[in-house]
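As structure tokens, here come the structures.
In what follows, subunit A forms one complex with subunit B and a second complex with subunit C.
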Partner chain A sequence: MSTRHIAIAIGVAVVMAVLAVVLGRYGAYLVNAVAIAAIGALSLNLLIGYCGQISFAQGALLGVGAYTAGNLGNAGLDGAVAILGAGVLGALVSALIGLPAMRLRGLYFAIATLAAQAILEYLFKILDPLTNGVSGLVIKPPSIFGIPMTSDESLVLPSLVLLVIAWLVVSRLLRTDLGRAFLVVRESEIVAKGMGIDVGHTKLWAFLIGGFIAGMAGALIGFANRLASPEAFTLDLSADYIAMIIIGGLGTWPGPIIGAAFVVLLPEVIQRVGEAAGISDILSALRELAFGLLIILFLIFEPRGLTALLSRIKLRRIGVVPPAGLRATGEGSQSPEGRSR
Partner chain B sequence: MALTASDVTIHFGGVVAVNGMALDVMPGEIVGLIGPNGAGKTTFINCLSGTYRPNTGTALWQGDELIGLSPSALLRKGVARTFQNVASLHDLTVLDIAKLGAGVRRDRRTGGHLLDFFRSDRALEELLMESILAPLELNDVAHKPIQTLSYGRRKAVDLARALAGDPQLLLLDEPVAGLTSHEGMAMAAAVRDVRDRHGCAVIMVEHKMDVVMSTCDRVAVMAAGSKIFEGRPAEVQADPEVRRVYLGEP
Partner chain C sequence: MKKIKSAAALVALALAAASPAKAQVNVCIWGTITGPDALVNGMSYGLRDYLEFLNQTQGGIAGSKVNALLLDGRYKLDEELKIYRRCADEEKAVVVNGWSTGSVQALRDQINTDGVPFMTQSFASEVLDPKKYPYIFMAGPTYEQQMTIAFRDLAAKGGKKVLIMAPDNEYGRGPVNVVRQSGIIQKLGLDLVDTIEFRYDAQDLTPQMLRVKSRNPDMVYIQASAPQAIAILRDAAKVGLPAKLFVGNLYTITPTIPEQLGAAAEGFRAIQAYEPYGAEIPAMKQIEQFAAKATVEKKDIYFMKGWMEGIAISAAIENAIKKNGGHPPSDIKQFRQSVREQMEALTNLDDGGITPPLNFANHQGSIQARIAEIKDGKYVPTGEWINAS
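And then the complex of A and B:
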């Protein structure tokens, strides 16, 4: 975490806050949605982009956060306590999801997370006293530090504050031994082991930290929607988050935020265009298709996502043409052969 | 005696890769391990460094048994190794890798990671730059990603990583293989320099005989999983059996 990172993170948050104020209620709703999605994407980027553990259970993990915060908030606790509680439970559940990673690698582990997603979805439906079954848990508007959160406008501030904290925590983390160990585990577990890195221990920490951030993001989703229901936290949501980090740029610093903004705002844009042209029914069906297509295109042409795309455009504008095959990758690092994984 | 390995045997299915291998190493001594391809040199190193678990055998290091310990436990005991092929690690700079090497020495299963979070590593960076990277001539590339370096320099980075953990026993697997002869000699000089400064014992698997002759204090020759000769470099070159199985007649 450098001073530049701090300045950029705060700058982005300030711009988003100004947009929320200027654009009114709908703008505040969008800013809030982007900020929360960005926190969730940061957590998944930590796990997939930096530590190389592919998880399809992010949707359910966000659900755990939403249900936990909802129950704690409904019980009369302050929203801040509820968010922290959601983080703690998110971390614990995430560590459980990560347990198979001690034995399984790559795709095999990814399939295990698919099972975890299915089990959690099922639990949301049957744990009636905590989740209110299929009809969903109605969440009362909480107060955060005594300030009532009755609208999207009021939630923007806590969401943006958490976004900045999560963003900077993740970037600081990567400058510690643990963060460097994540990167080695991602490249090769055999190399990591040979270098004396405790691979299981490293993965466990990735799941704990990622889960904590995801739990807090889930809490904010619950507070924003005022409802936590099983159909809100399905595999579709997991897929959205994977789309965010791939489109934004796997394992890049600004990727999760760019990707979250893109994935949250694209459907809104499609909707507006559709309404203007009078074909909104057809276009809204195109949403899933558009994301699927984008993921494939990015994986083929720019595995480092929009982040790499943007920095290439920037380099070209200031007159530096990167040599063929050497792509600038956002954070001052270069990977000559791209990221062929 | 710093290291006493005896009766180390490992077989994979029906193939006996190392058969009753024994080797003693004194503190501050550089021992070369040579022999034809498939003799079991790297496998023997793998047994000592926790990569493989031999079927039988002991390796006592300052009175402690090494066999059965994981690579991370071995590093905490001061046993480090380098690799024949250097992995390319995206996003990590040379300095990052040296820091990783320094970090694995510390045991932080108790949650010391959280302390790292608030600790500046500027002091560690300066120490590593000065005492590890500078002697290996890696100072100028300290902030470059490792995959942008030449193969020779990557090998130097791997050695720097091992040295950053302040080892007392250093296992080098073909440190100069694939290097130009100039790079190879520089690497050999670095190994001697490391021994002189850190006083660590070194076991070095190597094929390049000029490097072995000029670097090692003692040479052990392996063939078919066993030690067939051990002695000073000059004695090894003169031994008829070693000439027959490995060096060839001049």
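And then the complex of A and C:
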């Protein structure tokens, strides 16, 4: 974690905070949604982008966080404790989801996470005492460190603080032995074993840390929506998060944040463009199509996502021809950081 | 000549600038333009079009132009919660019309805090409480009341065994639980032989139909919408269950069902709370007048529901404006509060025959409905309006 990273993370948070203040309640809600999505995307990027473990259970993990924080908050605990509790349970559930990764790899493991998503969705519907079933758990506005968080604007600050912390922690983690082990496991488990890395142990840590961050993001979703409902944590949500990290740039440092902003704000942009052009009805129908099309285009033309695209634009602007590794090749999705190691 | 034209244009501009700007009334609607419930989204268009009709024919409501913004909630909770905030905050809507059961349940406390009159397309009884949720209104009998109407009809005809099918979400399970716990089924002398749940987006319900067949019910009540009813009736026909066995709630009354299923839909019954599109009623003349100048997106019963909601909402807004001396209150909070009070005060409101006269003291408008049956590919009422209370 360099000083530059710290400065960028804090700078992004400050810009988002200013936007939340300037744009009013609706703007604050959007900023909060982007911040929460970015935290969730950071956790998934750790798992998929850095450790190579494809997970389709992110939506359910966020749900675990939301229900946990909701129950703890409703029981009268401080919001900060509720968020931490959500992180802990998220980590435990994530580790459980990750257990099959000890034996399974690639597509087979991905299918196992798909099953985990389905099981958790089912549990959300039937564990009435904890989840209030299909009606969903109504969550009281929390107090964080004794400060009541009753408005959309008030929730922005905790989300941004957690975003900065999660972003820098992930950044720092990648400079540790464990972080480097993640990258080796991603590239080749056989090589990792050859290097003396305990592959199972490494994967488990990725699930624990990723789950902790996802749990906290889920808690923030619960506090923002004031409801944890099974309908909110479906496979669709998992797909959205996978889209975020692909579009932003799989295994890149700023990718999750850029991808989260893109995925959260794209529908809004399409809606506003449609309204301005008087064709919002048509664009509504095309929105999902546009979303899917964008992902396909990214996979074909810029698999390293918006992060790489922005880097190339920046290099072109200063007159530097991007090296082969930074040109869109359609092959691989290794990050520039991964290569530099 | 050119100079005269230029001078005239300048004068016109100056006059336009000098004249006080007419206040605009914002009404925000979110439906499911896309999403699993898109088949029954006519009410969103109906409401928008009625308000536009007022703009065309009366210059808006009490002289104020209405800006009706229609947004797509996609039946996704996060999207709907986001849209609500845009409507309440950015658009400064005096009335918000929202879609799903899940969203209105999530927003019920927020709606109270914001003090926004909210007309929901859901019929969930959990949000119908004029004291606890004074800003939430709906336009018809609750899902539980609809079920009661169907069960009364079964009991009156000597039926005994009833089975309920519902999706495993709040829209399905919520009302079914309320009815089961209320004891109404037993009071009517009926026996609930089974409750079968299915995924809201299920494509094949053949196994569930085999289970229905094994229970041999006298009536199967469908607490779901048209897309699910189509799957149910299609798969029921596969296992030899006739459509006349099934009764659906008021979101299963769409021409799409007989169009798609043909003979397999004959005899299917549904709760009808509104006159259908094309009925010989005064409201239809207004709609035809509107349709002569604009495109009607959905020519179905749900469009009629939306048109009726427009009549009720605009009447409340008009009364609020009149009460304020003929112009909308400048303070949006005061305006919303006044509209809420006027909405609640609507008594015997004539909606052009779409429903019996509306009374919103109970926040429902009308609690009357009847049962319609598909005969020769069309829904035909089987009796008179029944009061669900």
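One rule holds for everything that comes next: the second predicted complex is superposed on the first by the 321 of 341 C-alpha atoms of A that agree within 3 Å, B and C clash if a C-alpha of one lies under 4 Å from a C-alpha of the other, contacts with A are read in each partner's own complex, and residues count from 1 in each chain.
Note that contacts are C-beta pairs under 8 Å (C-beta built on N, C-alpha and C of every residue); 3 or more make two chains touch, one makes a residue touch a chain.
Worth saying up front: this structure is predicted, and the values here are computed from it rather than measured.
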**Request:** Name the contact category of A:E231: first (subunit B only), second (subunit C only), both, or neither.
**Result:** second
**Message:** Quick one: is A:G136 in contact with subunit B, with subunit C, with both, or with neither? Answer first, second, both or neither.
**Reply:** second
**Request:** Applying the touch criterion given at the start, work out whether A:D177 contacts subunit B, subunit C, both or neither, answering first, second, both or neither.
**Result:** first
**Request:** Pick one for A:E288: touches subunit B only (first), subunit C only (second), both, or neither.
**Result:** second
**Prompt:** Regarding the shared-chain residue A:D152, is it in contact with subunit B (first), subunit C (second), both, or neither?
**Reply:** second
**Item:** First (subunit B), second (subunit C), both or neither touched by A:Q271
**Value:** second
**Asked** Between subunit B (first) and subunit C (second), which, if any, makes contact with A:L30: first, second, both or neither?
**Response** second
**Complete:** In their shared complex, subunit A is touched by residues of subunit B numbered 49, 51, 70-72, 74-75, 80-81, 83, 87-93, 96-97, 99-101, 103-104, 108-109, 113, 116-117, 121, 145, 147-148, 161, 165
**Request:** Please give the residue numbers of subunit A that touch subunit C in the complex, ascending.
**Result:** 24-26, 29-30, 33, 125, 133-136, 138, 152, 225-227, 229-232, 236, 267, 271, 275, 280-281, 284-285, 287-288
**Prompt:** Okay, in this complex, where on subunit A does subunit B touch?
**Reply:** 172-173, 175-178, 180-181, 183-184, 187-188, 191, 193-198, 201, 205, 251, 331, 333-336, 339
**Request:** Going by the contact rule at the top, pick out the subunit C residues touching subunit A in the complex.
**Result:** 33-34, 69-72, 74, 76-79, 81-82, 85-86, 89-90, 102, 105-106, 109-110, 126, 168-170, 172-174, 297
